[in-house]
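Think of it as A, B and C in the order they're written, each chain with its own count starting at 1.
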Amino acid sequence: MVTKAAAQPERMDMQTYDLIIIGAGISGCAVARELSRYRLRTAVLEKNADVAAGTTKANGGMIHAGDDPAPGTLKAKLNVEGNALYENYAKELGFRFKRTGSMVIGFDEEDLRYLEKLLDNGHKNGVPGIELIKDTARILEIEPQCTPNAKYAIYTPTTGLVDPFEVAIAACENAVANGVDFYLDSPVTGVCKEADGTFTVTTPKETFSCRYIVDAAGLHADDVARLAGIDEYNIIARHGDLLMMDKECGVKDLMPLYPIPSPESKGVVSLTTLSGNVLVSATAVYRDKDDTDSYAWGIEELLKGSTKLVNGLNTRKVIRTFAGERAVAENNNNDFWIKPSAVCENWFHVAGIQSPGIAAAPALALYVVNMLRENGVPLEEKENWDPIHREPADFSELSPEGQADLIRQDPAYGRIVCRCETVTEGEIVAAIHRNPRATTVEAVKRRTRAGMGRCQSGFCQSKVVHILSRELGIRPEDVRLESDGSWILSGAVKEGPEAGKGEA
Amino acid sequence: MKTSYDVIVIGGGPAGLSAALKAHEAGANVALIERNDELGGILNQCIHPGFGLKYFKQELTGPEYAQRLIDRLAATDVDVLLSSMVLSIEPASEENGHLHQISLINETGRYVLGAKAVVLAMGCRERTRGEIKIPGSRVSGVFTAGLAQRYINMENLKPGSRFVILGSGDIGLIMARRLSLEGMKVLGVYELMPYANGLFRNIKNCLEDFGIPLHLSTTVTKVIGKERVEAVEVSKVDENLRPIEGTQEVIPCDTLLLSIGLIPENEVSRTAGVELNPATNGALVNDTYETSVPGIFSCGNVLHVHDLADNVTVEAERAGSFAAAYALQGGDPAPADGEADGACIRVSAAQPVGYTVPTFIRKDRNASIYFRVRRPVENGVLVVKSGETEIFRGKARAYKPSIMECQIVPAKLLAGAGDEITVSMEEEK
Amino acid sequence: MKMRICCTTCPNECELDVEVDENKHIISAVGNKCPRGLTFAEKEVVDPERVLASTVRIDGAAHNCLLPVRTDAALPLRLHFDVMRQLAACAVSAPVKMGDVILPDVCGTGINVVASRSIA
């Protein structure tokens, strides 16, 4: 166990690594996992209590085919390459992945002209199987729940779906299993380039020394670079509202349907997630960094957008609204910003990873590692690197015999905690003790789905709090929802005889 | 362990306890399955008085109400399975020996039990922030009122210190008093509608006694905070319930409680293919509380949300005895739906009546029709019509959405009705 | 002085409009469907009473750390916070039976605080 959790005592002695990745979102985790195959002492520093807790967690989870990015951009290249790598990535890392295909829907001649351009883009980007359909019947044959008003569509059979935090967590855990150290609750507060060429990186709890830095700090990648005196680009935040519907919302197994984008927005996509909920995402408005508020305007746009494309959706069945921000590198043609710093040797930017960051991740990791190699980072393959990661048992997916077996092995699997998603105490305990540990209610939710159902943790939150408290050896009032400061409980109602006497 | 019963009751709250007791009394061999580690259901956390006035003719607290039923059940040979979660019900068929197959798990394993009749009594859950789409940040400190009630009354844990409550439903009002008594501060209760949703006694005893303001036609339009709730923004709403721009007010607080309604919890019912009523989110039932699946009955808050536990008990007792009759007599003696003997009537509701339970009644039996109005009616006259023909007319009186009503329509009035009747209300000036 | 009172004796929730004189005597009352409403209103005007329900800590129980309790009769509202303070200082041990007296004769009223349920 090398993961350092918040509760560990302060240690001011220097931790020394060859390379430090700052940021444990999908990009940081994918790069860490790719680097874990080499003899390189690697650490990842993450400011949040969990991996995937920034942009990665509030995201449509689409593995886009790659028809949208402008031809010739790095984004277009990594999107299409990443998409093709996903089958194998999912097989090795054990996360759920499904090739659903998707359609961009058009209604009139103006839309058709856009779709023709998109088809051309797709061909230039090398998107396999892309097809322009001019026949409503064919559109409805591919997705019967699409609106019958649809006249034209671009169909890309290679579009897929993942649960984005599942991918990041699997990549992280596989990296940890192969020797990478993750430091959670560790915001970087200072970076100093020493005379010998090494970097000294400070966090509130520890100080690190390393030779190379990969800056994958998402919305704050530019701010982190500025800590080291590197001022080469700006990140601006493109905010998106999202909403999740009940599993019973009139629509089942909906293929992702995109509208024609307007100049302001890529448009509202509707799809059924791997867990069976309809997800509608996302609006696009530039806002302040770290503004993950939901906006009433955005929620209305989502509902309008989804009903325009999807037939039979009961829009009253919303169970959650949320929002995320995509990191956009300013004045960069909407492209990723992945390059070595021009002013600081051994500093590598992995920034501006807006959509399709999830789709690109496996290709991005290979691209970054190649960039590191070309810039002198010594990469010698390990003999015993194990690319295989296995997700722990999902009780609700097991056969009756499998469920019975699991209960026999551990009675905790016979105790249902989350009744909406059928999550057992056994699964929650297992999630808490994975490496890195799940130490918050949201971290448990991301790994087990406890609290993701229609009651939104109304029944199970108190149980999850008590299990976290017991397993981590902390008081219930020290259990957090997510980041530092997100306390749930403030202490006992009845302190007992002592407190009462004090007042009297 | 026995593997087959006449009647299996799912849920050990007031509905399940009452149904099990009656089914047992009728001579059936009964098992009751409860997911928690003790019986009583949500009554265990409803420590306030106000229960039992109708049924026990005495004012009881929630735990007392539950304890009386639990003590009665303990004196029977009904099998009680605690900490046991039903995963699914496979309805009876020829292949499975005409028994409903109930799959459940507990710490000792996974089991399938057979039952001639099943009573669904799983209760309800609370509506959440997501369902009413409150904008703002996703910080900690937003709780449904029932979850906060569990923390405070069962687990000895405080969910915050300065509270805003959205929704004037009974649980929210009751919590306002509990929080005040336990030294936490309630800054105000905000209600979207122009009237209070809870029982009037609760407005009086839970808010007025403690000087807590109730703001009508006002709602929370934003949750503010970085990690934990730091404030909420409230706004007045217009007659279409839309926030009025310029009326926003920011209330600093650390906790937002939501008391915005309850929804029957029919996950298990769905596995059996039970047809649901979109108006109640509960099963469509006939006057024996039988669902669309023969031999599966439904009662209590899983059928439709009640405001009094006493009404739950009365309804569940009927469901329990009908389930026992079904099991012991080998089927419906006089089914109220799906049979073409010409005696079946479908009941529907017309505004301002929001819904009716049951949906199917018979011409040859008196019908107890439960209903609720969607909005307060000062001087309402209940009218039951078959087509254009009026078959029943009530006396003018006030109706409130917070109170579930019951109207008995005698068989002699139903005899001449067609196969559909409508329950509506006329408003007198 | 005119007052509106909600009788909470039974679920009918009669709303009474009462007029009281300076000695807190009811001069007139309308709206009650039965005589219990008037009795309720008389008390409500002079010294309102409510059943108080709360919890006390319980030790040694398998599933519970709190025991719900109530007063066995309506207690003057003005005494509720006094009794809450006494309950905060109180702890019991399992087993407890419904109706067991937890605090006898609170504030000299002759009213007891009793257990609302049994805990083994």
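Rule of thumb we're sticking to: a contact is a pair of C-beta atoms (placed from the backbone, for glycine too) under 8 Å apart; a residue touches a chain by one contact, two chains touch by 3 or more.
Model, not experiment: these values are computed from the prediction.
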Note to self: Report the chain ID whose CA centroid sits closest to the centroid of the full protein CA set.
What the structure shows: B
Margin query: Please tell me whether A-B or A-C has the greater number of C-beta pairs in contact.
Written below: A-B
Checklist line | Between chain C and chain B, distance of the C-alpha-averaged centres to the nearest whole Å | finding: 27
Next item on the list: Please compute the C-alpha centroid of chain A, do the same for chain B, then give the distance between them in whole Å.
Entry: 38
Next item on the list: Could you tell me the distance, in whole angstrom, between the mean C-alpha positions of chain A and chain C?
Entry: 53
Next item on the list: Could you list the positions in chain A whose residues touch two or more of the other chains?
Entry: 493-494
Next item on the list: Please set out, as single numbers or ranges, the residues of chain B touching at least two other chains.
Entry: 155-156, 182
Margin query: At least two partner chains per residue is the criterion; list those residues in chain C.
Written below: 55, 57, 66
Notebook entry, point to check: Along chain B, where are the residues that touch chain C in the complex?
Noted result: 37-38, 40, 44, 47-49, 53-54, 59, 61-64, 66-67, 71, 153-156, 181-182, 199-201, 203-205, 209, 308, 310
Check: Which positions of chain A touch chain B when the two form their complex?
Finding: 243-244, 248, 292-296, 299, 318-323, 400, 403-404, 407-408, 411-412, 414-416, 419-420, 422, 454-459, 461-462, 466, 476-477, 480-494
Check: Can you name the residues of chain C that touch chain A in the complex?
Finding: 55-57, 66, 85-91
Margin query: Under the definition above, what is the set of chain B residues touching chain A in their complex?
Written below: 35, 83, 85, 87, 103, 105-110, 125-126, 128-131, 133-141, 144, 146-147, 150-152, 155-161, 182, 221-222, 226-228, 243, 265, 267, 270
Item checked: Touch list for chain C against partner chain B, complex -> 6, 8, 10-11, 13, 15, 48, 50-55, 57, 62-66, 68, 70, 77, 80-81, 84, 98, 116-118
